[in-house]
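Scrolling down, you'll hit the structures one after another.
Consider the two complexes below, in which chain A is the common component and chain B and chain C are the respective partners.
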Partner chain A sequence: MMKKALPWVATVVLLIGAWFVQLITPSDDVAAEPFLVAASIGSEAVGREIVVTVLEVRAASTVTSSSGWSAEGTWLLVDLNAETVTADRLLQGATLTIDGLEFRASERMDSIFSTKLVPGIPRTGTIAFELPDASLTGTGILHLSLGDDTRLDSVIELTIPLDELTTSAEESVHVTEWATS
Partner chain B sequence: MTSWWRRNTVPLIALAVLAPVTAGVIGWNEWQEYFQGRSTSPVAPETEDGAVELAGATWGPIRGQYLENVEGLTLPDGAEVVVAVIPVAPGEDPPSCPAPTLIEQSSGREWSEGRFDLGVSSNPDEPTTCDSTATEPYELLLPYIVPEDAEGPFWVNIAPAATTPKIVQFSIDP
Partner chain C sequence: MPRRNQWARAAIDRVPARWLATGATGVFLAVTAAFGGLASVPEPPLPEIGPGETFTGAELAMTPIRVTVAEELEYSGLIADAGVDERVLTLIMDVTNLSDVPRRAESDGSASEVRIEGFPDVAPAIARLEDENFAVAWLQPNVPTQIALSWLVSADDVADLTEVRVVLHTATEYVGSSVMHGRYWDDVTVAGFADLPVEELPPAEDQS
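On to the complex of A and B.
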């Protein structure tokens, strides 16, 4: 009796064991995940090659830029200072994730998005996100990086409590220039 | 014994030729990859105020200093301007090159030419890139915006298009 049951018991134990191993095995992309650097408003967040200080987060129903361009919509503006560590690089990674939806920074106006950052001398400017109506609720996760491809690179992460933002009628995208300390 | 050497004369000669050829071919292949894979191999002047020959042109001697009068320039707080002047004497085939970069030797931080950021419009008499049509000697004039904590000595790297991966490398300590 015992002899007959043993293989069955062993099989079940091994199957459950395998299921557990499979459950806790990290996925393939974990090995290349970015290194998140938590940021808070007003303090400097230092990554491998990018240094960012988020100054302010604003929400507006109309945004304007210095060139005279303006647009209505649901906008989230992030004012920041940014520099690199060793070489000139473009600031090309800026996404805002709300409720699982990822939005890339707007390129409709001139902003610090996709401009050149240099080592040691911060530039200041604004990154704008154009969002669907009524999406400014819950929590927004802002990710900033130099490249679009963030594998194994640092990513500056800021958690934005969207409900606490007051939406102004009109806000402007700041001109990108050298930061004054 | 002699008969063994004699019997195998042909294979021995073949071996004597093939063995070094094999070593040579494999070695050359590997070393070539090593040199090609290196980003650059700098060619520096023998003395600090010396000149360098590369891409058929004579480069240098370089002059480098901090800009003392920065009035009228768009310069951020806590930044300085390092100006490098490099005489170029083109030969038969004038070289072209992108704007040389400035590298802090202690940290490896690298800055590119900042004429536009300083608010100075470009001027054909003060080029920042090599002119592949110039036959007369001219001088590259390169202003770099660097933070105050940047310290010399710096390298100035010039990468003529035709000589990749060989670059001209000057050292300045303004």
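On to the complex of A and C.
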């Protein structure tokens, strides 16, 4: 009896074991995942080559810029100071993820997005995100990095409780300049 | 083997093996004929839409609005060469990106695959005219975006043009694994048409 049951029991144990091994096996992408640096508003977050201080998060239904450009819609604006650590680099990675949808910083107006950061002297400016209507609920995850390919690079991560934002009628994208404070 | 099944075994043994092959072939042919034989199934015609109607392909909801011909269209990204008598043929279209990541309007499989039938198979210059600045246009997920797709065409080809057929596409998204990284679109195929009247825009100095 024992001899007959043993192969069956062993098979079941091995199958379940294989299922667990498969469950906990990391995917191929894990080896190249970015290093997340948690940030909070008002305090400096330091990554490998990027240093960011998020100053304020604003929401607006009309956005203007110093060049005279303006657009209606649902906008989220992030004011920040940013600098690099060792070399001049462009700030080209800025995404906001809300409920599984990933948005990229808007290229429609002049902002600090895609401008040059330098080591040691922070630049200050605004990054704007154009969002679908009624999407400012739940939690937004802001990711900032130098390149838009973030593999094995550090990424500044800020969690934004969107329900706490009040949407103003009009907000402006700040002129990108040297930070004075 | 129980005794009562022996008659069945004896009967099967008497059937010559050749009959089985013939029988199976007959059944196969009968089933094939029942489903319409080996003729290919007629393909359903591609959808045709009018101005203001929406076609969805390659995870883009595309709504062609109007087609214009102009000697010059500011911010379109194209400058017609007066010497060879060119015109700017422009399709104004609302596009909504239905995928969950931002996509560049100029990228493969995106709005850049839209064509006008009868004109050269080249990618259009894409601009957001309302921004009064020709720049790379990104389509954010679920954010409706009006873009202008423009082609340089010879003035003769558009001289008596009253209607055009816009060729809309679909494509397949792939996720790069070992060598490729990220997501990309490929296998672009024609999937729909939109018939739009052509408006002639007055020369630039008359526009205000």
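FYI, the second predicted complex is superposed on the first by the 181 of 181 C-alpha atoms of A that agree within 3 Å, B and C clash if a C-alpha of one lies under 4 Å from a C-alpha of the other, contacts with A are read in each partner's own complex, and residues count from 1 in each chain.
As a working rule, a residue touches a chain if its C-beta (ideal position, glycine included) is under 8 Å from a C-beta of that chain, and two chains touch if they have at least 3 such contacts.
Not measured: the values here are computed from a predicted model.
Chain A is touched at more residues by one of its partners, and among chain B and chain C that partner is C.
By the document's definition of touching, of the two partners only chain B reaches A:Thr180; chain C does not. Of the two partner chains placed around the shared chain by superposition, chain B is the only one that A:Thr86 touches, whereas chain C remains out of contact.
When both complexes are overlaid on chain A, the residue A:Phe103 reaches chain C alone and has no touch with chain B.
Once chain A of one complex is fitted onto chain A of the other, the partner contacts of A:Glu33 are absent, as it touches neither chain B nor chain C.
Applying the stated contact rule after C-alpha superposition, one finds that A:Glu170 touches neither chain B nor chain C.
In the superposition on chain A, A:Glu56 contacts neither chain B nor chain C. Of the two partner chains placed by the overlay, only chain B lies in contact with A:Val118; chain C stays clear of it.
On chain C, the positions that touch chain A within their shared complex are 100-102, 128, 130-133, 135-138, 140-143, 177, 181. Per the touch definition, chain A reaches chain B in the complex via residues 85-88, 118-122, 178-181. On the side of chain B, the complex with chain A involves touching residues 74-79, 107-112, 117, 145-147, 149-150. Across the interface of their complex, chain C is touched by residues 28, 69, 71, 73, 100-104, 106-109, 129-132, 135, 149, 151 of chain A.
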